[in-house]
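We just call them A, B, C, D, E and F in the order they show up, numbering each chain from 1.
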């Protein structure tokens, strides 16, 4: 009876990619814990870049900094 | 001090239906656990059909399969 | 396909009270949104009093203050 | 490795306010628990007023009642 | 920067099974969405059977009913 | 009416540290968004090290690897 919540940044995840995430997570739960797919839920949340913080800053700032550091 | 999160698929839930869910859950917590409504939160999330998986597939696919099976 | 998460403070909620919460929330979703109980999940989390904050303080402090104010 | 989820009502929270929330929560976790900012996530959810219930009613109704009571 | 929360019933999931869930979900996010494992979190919650409801009843009751129906 | 959920690894967070997290987050929401502390909830979840994954492995494995790398 698993419930899985996947949060990713909202940047054009396609319907087909979501289908692969749902199928993949469900298969994993069947394989590892012998769960019944019929009662396995997977809910995907897409979060705006400015609503997701890491290292104390918003995701786009974080990525820009990382890229700048890599280029030095 | 309860916090309740209700996740349903996004398919035209009306303001009035949301009001009934909020009132109903709050009443239930008062009745069963004698909670104070003043400090009871209910948050409703509406999830796109393609973001909700069950039985390893997206909700619309799941429903189409179920309907096809029922019609046989 | 609803998923409901109920968070309450951990203070001796009985198995029977949990059963009533689960039945009550499921009935409500059937009644208001015509959801299928077979694919309705309700998960109850019990949270330690010292892990739940309201009004900037832990729940037991909050209650003690409220009681003291009521007695004045 | 903290993960923090902040849910607020959706009413025009600016990018700059979100940045302050993310920085503030991250600093707090560093200060109180000596957590590493590099592995600290903060996710902000903005919830429609009609999807948030308190005291058994939707947020806008709750506020209107409170305002009316204050004016009496 | 994904965050994944897996909720399963608490019934003796081993450390090794948890490791396989964490590795499997992380691999899936790399494969489908090209995410960076370094900033991928997976949090597993184990929920008591009496705290998880499905079809309006607690999980153990649900399973007993299902088993009884299968034996008829 | 904010609701904040803080998830950290379970490793001896004291009651006093939890109080500081609750006060700090509540103050931040008052300061940045002018929220009412009376309707601000903060819930802290403590997660076992083996239930938290990062970079595809459990937290203790992740830390051991990081330490080994730092020592080289």
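The definition used in the following text is that a contact is a pair of C-beta atoms (placed from the backbone, for glycine too) under 8 Å apart; a residue touches a chain by one contact, two chains touch by 3 or more.
By chain, with names taken from UniProt: A, B, C, D, E, F = Tautomerase.
Model, not experiment: these values are computed from the prediction.
The set of chains in contact with chain B (Tautomerase) as well as chain F (Tautomerase) comprises C, D. The chains in contact with chain A (Tautomerase) and with chain E (Tautomerase) alike are C, D. Chain centres here are C-alpha means, and the one lying farthest from chain A (Tautomerase) is C. Using the average of C-alpha coordinates as each chain's centre, B ends up farthest from chain F (Tautomerase). Because chain C (Tautomerase) and chain E (Tautomerase) carry the same sequence, their contact can be compared by residue number, and under half of the numbers here are used by both.
Looking at A-C and B-D side by side, the one with more C-beta contacts is B-D. If you average the Cα atoms of chain A (Tautomerase) and of chain F (Tautomerase), the two centres end up 20 Å apart. Chain D (Tautomerase) and chain E (Tautomerase) have CA centres that are 28 Å apart. Among the residues of chain F (Tautomerase), those touching two or more other chains are numbered 1, 3, 7, 21, 25, 39, 41, 43, 52, 54.
According to the touch criterion at the top of this document, the contacting chain pairs are A-B, A-C, A-D, A-E, B-C, B-D, B-F, C-E, C-F, D-E, D-F, E-F. Only residues 1, 3, 39, 41, 43 of chain A (Tautomerase) touch chain C (Tautomerase) when the two sit together in their complex. Only residues 15, 18-19, 21-23, 25-27, 37-38, 40-46 of chain D (Tautomerase) touch chain A (Tautomerase) when the two sit together in their complex. The part of chain F (Tautomerase) that touches chain E (Tautomerase) in the complex is made up of residues 7, 47, 50-58, 61. Contact residues of chain C (Tautomerase) toward chain B (Tautomerase) in the complex are 1-9, 13, 17, 20-21, 24-25, 28-29, 31-33, 35, 39, 52, 54, 59.
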